[in-house]
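After this come two complexes, each holding chain A, first together with chain B and then together with chain C.
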Partner chain A sequence: MVIIFFMKLYFVITVLVMLAYAVRHTVFTYNRLYQPQKMYCQDILSSDIPFVSVLIPMHNEELVAHGVLDALLRCDYPADTEGNRKMEIVPINDFSEDKTREILDTYAAKYDCIHPIHRYSGDRGKPAALNEAMKSAKGQIIVVFDADYIPARGLLRELVVSFMDPEVGAVMGRVIPVNTEANILTRLLDLERSGGYQVDQQARYNLNLLPQYGGTVGGFRKDLILATGGFKVDILAEDTELTYRLACSGWKIVYANTAECYEEAPETWEIRARQIRRWARGHNEVMFRYFGTLLSTKYLRPLQRIDALMLLTIYLMPVVLLLGLLDSLGLFFLGEMDIIDGWWVLLFIGAYNTFGNFAPFFEVGTANILDASRQRMFLLPYLSFNFYFYLWFITQGFFESVVDVLTKRKASWQKTVRFRQGGTGV
Partner chain B sequence: MLVTANMKQTIRYARTYRYLMLSKVRTAGLVFLVVLPASCFWAFFSPEITGALAYISKDILETGLGTGSFTIGMTNFSLGDISYLLTEGIMPDILFSLGNFLVTLIILFILTFFLKIRPITIFIYIALLVHLCSCLFFIFFPELFPYTLAEYSELYMKQQMGIFICMTFVMGCVTSFLPIAPWKVILAVLGCGIYSFVFAVVRYTTFLFLMKEFSVLYMACMFFTFGPLIDFLYLVSIYSLVADHTSGMLAKDVGVWKW
Partner chain C sequence: MSIYIGLCMLLFVLMMVLPFVPGWLEMRRKKDVRHLYINGDFVRNPRYFSTSFKQKLLGTGSLSILKEEQEVMLSKKEILIQADKLTAGQKKFENLVFFNQQPELLPGSVFHKEIYARQNIQFPEETLLRAAACEENCRLGKSSRVIRWIDAERQMEIAENCQLDLSATAGEHLLIASGCRFRRLYAPMIDIQGGASRLQQMMEIAGTQDGLQRDVNHIEAGQVLGGNVVAKGDFTLHEGAVLVGSLKVYGDLLLEEGSQIQGNVFGEKRIRLLGGNWIRGSIFSQGRIEAGPGCIFGHADAVESVVARNGIVFSSHTTVYGFVLTEGEGSIL
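Then we have the complex of A and B:
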């Protein structure tokens, strides 16, 4: 009887947690669609915009290296009084075995502002690569791009101008898949990204909550990171870690919705599965590290703390749900499924509303209305099946993070496979 | 100021920061006059609605299985009385359970090693795992299975009432907040309600048929796999139609946007 009581209690708690997420997303959607939007500093026209170092970690990126470098060279970032652009591009060749090294050297020979770093010793992975590059970077402001990104001409300025506010520690731009015509997966990812950035990130910024620094199409103050020991090389989600490190020490994170940048979304489900599993593993590692700090920090107001907590545990929710499913399976075979007079349906409604696709269907729909997208709206029902997909692979990532924490295992970096066939893809 | 034909009269911010003005009166009116009454409709008329559902299913099932196989029972529910079909299902014997267990294992093996990862394969994978649990239960503890088909039928009907109410409420809320004419919201809610009822009849009839003609071994799989999440498919489908229409409408009338 006691076991059944706790099984039912877990069930009810799961429903309540899911409903809490549903409320959160409903508030975000309403705020984004019907409230005046908070803009960042994009209207500042300053002649004193700082020197910026653009860091691009690369591991076997011969397919996409040209694209990002060409796009950055086209950027209209301001020049100093002597006519030199106030930027340097630092591609970081991280143990590449393909032609990345040759490509970078060719560009460096041709353009003064490109200063490649070749790494073939020490720790592998993005955090270690960024740490090494920051030591030699000339700029106080660091902007990071993944190698498959294609920044627009004005993007760098749009990001860096945020740092005119001395309280800003990091800035994050909007990510838009460029290969949406490839297949149904890339179109679905386009839908998800739209909900995640156009509504979720912007609403969090509007409401003075916690926009997330995403590790690419974003920037941060170099000294701030170096003074706190650089990026942790044993964490897969260095972006999430940075978000919470800054938030817990009183720095602002800006979300720049106008700073749009194109990325190459995964084109196969296998790659997407690996990616989401890695994100879940990294995010949950950060959750284990920052849960206590987040509760005790003095820099967050109650609502900010609650939202930051919900964001921190978002990759835990699929695990909670999967356990909820197992719990309900147990209750079913015990003949105790008649919870709250058959209202157990709430679990699944809550589940779908909250975690079906990181953003519930109405949030994604709202984002597409704001973006004036039409045909892709009809793909919304397909996202239902992604729910199971994420449930499965995020749970795997969670358990990997548990093993990482318990055994002090060091996670090895996994590169996302690229699909581009030459050119910039735009 | 010189204005030529090619110059814009007004330079607006792009899609990034635009938003709409919400008519609070209209939205509150829709929620209180349409959404809540429509949701309550299911509860107020639960005896009639479940009665109709049970009657239609009975009619369909008896066409194939012969008259007298089903009777209609009633029970209390927190929102009112509900009707459901009473009948007896087939309990699986050990051979049937073992056979199902082996077939499920083989399919799981094929899914794991021969099929590519897709959301639909994960969906099938989870459904098969639930069925595997059911097979194991009937292999080792068949006498402990807690439901007769009549009890399952009752549980289904209670769950169905929850689905009717929640689907109507969710559909009403998500469309009421879109800047569309009230009759379109009513149409979406009505469409969702009608589809929900028709789908409920089809699902209830299919479930009872399978468990009466084949085995209650499939009860868990059907309950967990083809339950409320499947209902969300049509809810989101109808919503996507409305949202697509809204997007197109707003594209033609940029004057509604605020920056």
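Then we have the complex of A and C:
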């Protein structure tokens, strides 16, 4: 009887949690569709721009290194002459075994503003590479791009202008998949990204909540990170960790929807599975570290704290839901599904239609309306397959993070495979 | 009975499958398969309208200054009239107009399409025009209206009570008089109703800008505070107070007479400057900005911005070095 009681209790809690997320997604969607939008500080024109160091971690990036460097050299940010220079480009060759090193040295010989770093000792991975580069970076503002990104000419200014606000610790731009034509997976990822940035991130910015720094197409104040020991090399989601480190110490993260940049989305389910599992593992590691801090920090208002908690536990929810599904199956076969009746049944239907189905759908559909791309919206029902796919791999990532925390195991960085064979892909 | 079961099963299968059909068709037809468009060459340019218009008009090199009428390609084919020899009394212009010399226009003229002037141009009072690009100086007579944009390569002077629906810009100097309404202004120097007194010019005060202070809600009269400040509620700079640093305010911000901020200002609500104030950097508000007389925004030889979502009100003898933008209504008292 006690077990049945707890199974029923867990089931009800799952329903309530799912409904909470449904409300959150609905509020965000409503905000984007019907409420006044915040004006972008990207509308500011200022000639007093700070010196920026653009860091690009690279591990075996010979196929894409040209693309990102050429794009940055075209940027509308002074980089040409010594006296007027406001930008340096720091590509970080992190244990590359291909021709990345030669390519970077060729560019450095040709352009004074490119200062490559070659790493063949110490910790591997993006956080360690960024830590090393930050020590020698001249700029107070650090902007990070992954090697497969193609920044537009005005992107650096769009990002950097946010730091005129003295409270801003980090800024995040919008990422748009460039290889949507590859297959159904990249098309579905395109939908997810649209909903995530155009609606979710922007609504959080509008509502003064917590937009997330995403690790690339974004920037931060160097001193804030160095003063607190740099990036943690044992965390896979250094971007999430930075978001919560800043938020818990009173700094703002802002989202810049106009700072758009192309990225390459994974083209195979296997690579997407690895990526999402790694994200889940890293994000949940951050959850274990920051859950208590988030509850106790004095810098967040109640609504900000609630939203930050929901964002922090977002990669826990598939696990909660998977257990909830198993729980409900158990209750069904035990003949114990008579938990509630009457109008309360609507609560259960609502829960069913939240996390896995309609809730993110609102956001994706709205994003497509805002982006004026109507036809791709027809693919929305196919996202339900992604949901079950993620349910499985995020759960794996969660349990890996639990093992990491319990055994103090050090996670090793895994690079996402590139598909582009040279060029910009645009 | 078996028919009902069969129909129910068919209905079930249809309901399961139907939502996927439009997506399946889209996957086959690939009507919307291209990635979202990002303009890789996009750079913010406050004089974009004029630059783009002139590029389209002059870029191909096919424009002849001698022909009285010719076809040009903008977003579509347009007729361009060379209007140096105006028909006496002509006040209405239905086509694109090209002035090679300074024209004599009549009050109340109406231009339905864009205007391109190679030399100085003066629009008399109560002119209605869609858009105008001038290679030299331009003057807009009182009570005129610009439906889209107006730009001068050198100086632009806008007389009283003009309505500037979208944008007014100049390459060197913009003078704008009282009663005007605007949304976007740009020039290296914008003088509003005579501009601020140059004698009152900015005196930078030494002070540290390190650190971030969160527990301040005002600066006493005549006091100098160094460092960046974030105020969760309202914030006041009393008379003659100086902040050497940038300021973020979640409540209302009030700058009493003569107070200064030697940095940038970000406000979530209303920002009021009572007069004689100086903001050295840019000022940005999610609410309104209301500036009293004699204010200076920005500093010489630099571009700074005054941006507010819900509206901007300027008073007399104000100078802005750079850019002004609002999504609401901008007005000059």
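As a working rule, the second predicted complex is superposed on the first by the 398 of 426 C-alpha atoms of A that agree within 3 Å, B and C clash if a C-alpha of one lies under 4 Å from a C-alpha of the other, contacts with A are read in each partner's own complex, and residues count from 1 in each chain.
The definition used in the following text is that contacts are C-beta pairs under 8 Å (C-beta built on N, C-alpha and C of every residue); 3 or more make two chains touch, one makes a residue touch a chain.
What you are looking at is a predicted structure, and each value in this text was computed from that prediction instead of being measured.
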Assess the superposed three-chain arrangement around chain A: do chain B and chain C clash, or do they fit? clash
Does the superposition put A:365 against chain B (first), chain C (second), both, or neither? first
After lining up the shared chain so the two structures overlap, which partner does A:153 touch, if you call chain B first and chain C second: first, second, both or neither? second
Of the two partner chains, chain B (first) and chain C (second), which one does A:387 touch, if any: first, second, both, or neither? first
After superposition on the shared chain, which partner residues are touched by A:76: those of chain B (first), chain C (second), both, or neither? second
Applying the touch criterion given at the start, work out whether A:190 contacts chain B, chain C, both or neither, answering first, second, both or neither. second
Which of the two partners, first being chain B and second being chain C, lies in contact with A:399: first, second, both, or neither? neither
Looking at the overlay, what does A:378 touch: chain B (first), chain C (second), both, or neither? both
Examine A:250 and indicate which partner it touches, taking first as chain B and second as chain C; both and neither are also allowed. second
Looking at the overlay, does A:39 come into contact with chain B only (first), chain C only (second), both, or neither? both
Winner by number of chain A residues touched, once chain B and chain C are compared: B
Which chain A residues contact chain B in one complex and chain C in the other? 36, 39, 260, 371, 373-375, 378-382
Can you tell me which positions in chain C touch chain A when the two form their complex? 19-20, 22-23, 25-27, 30-36, 38-44, 46, 186, 212, 214, 228-230, 245-248, 263-264, 266, 268, 281-282, 284, 286, 302-305, 307-309, 322-323, 325, 327
Per the contact definition, I'd like the list of chain A residues that touch chain C in the complex. 36, 38-39, 41-48, 71, 76, 150, 152-154, 157, 164-167, 176-181, 184, 187, 190, 194, 208, 250, 260-262, 371, 373-376, 378-382, 426
Which of the residues in chain B come into contact with chain A in the complex? 14-22, 77-78, 116-120, 122-123, 125-126, 130, 133, 137, 145-147, 155, 158-159, 161-163, 166, 170, 174, 177-178, 220, 223-224, 227-229, 232-233, 236-237, 239-241, 243-244, 246-248, 250-251, 258
Flag every residue of chain A that touches chain B in the complex, lowest number first. 29-30, 32-37, 39, 174, 198, 257-258, 260, 269-270, 273, 325, 328-329, 332-335, 337-338, 340-346, 348-349, 351-353, 356, 361-362, 365-366, 368-375, 377-389, 391-392
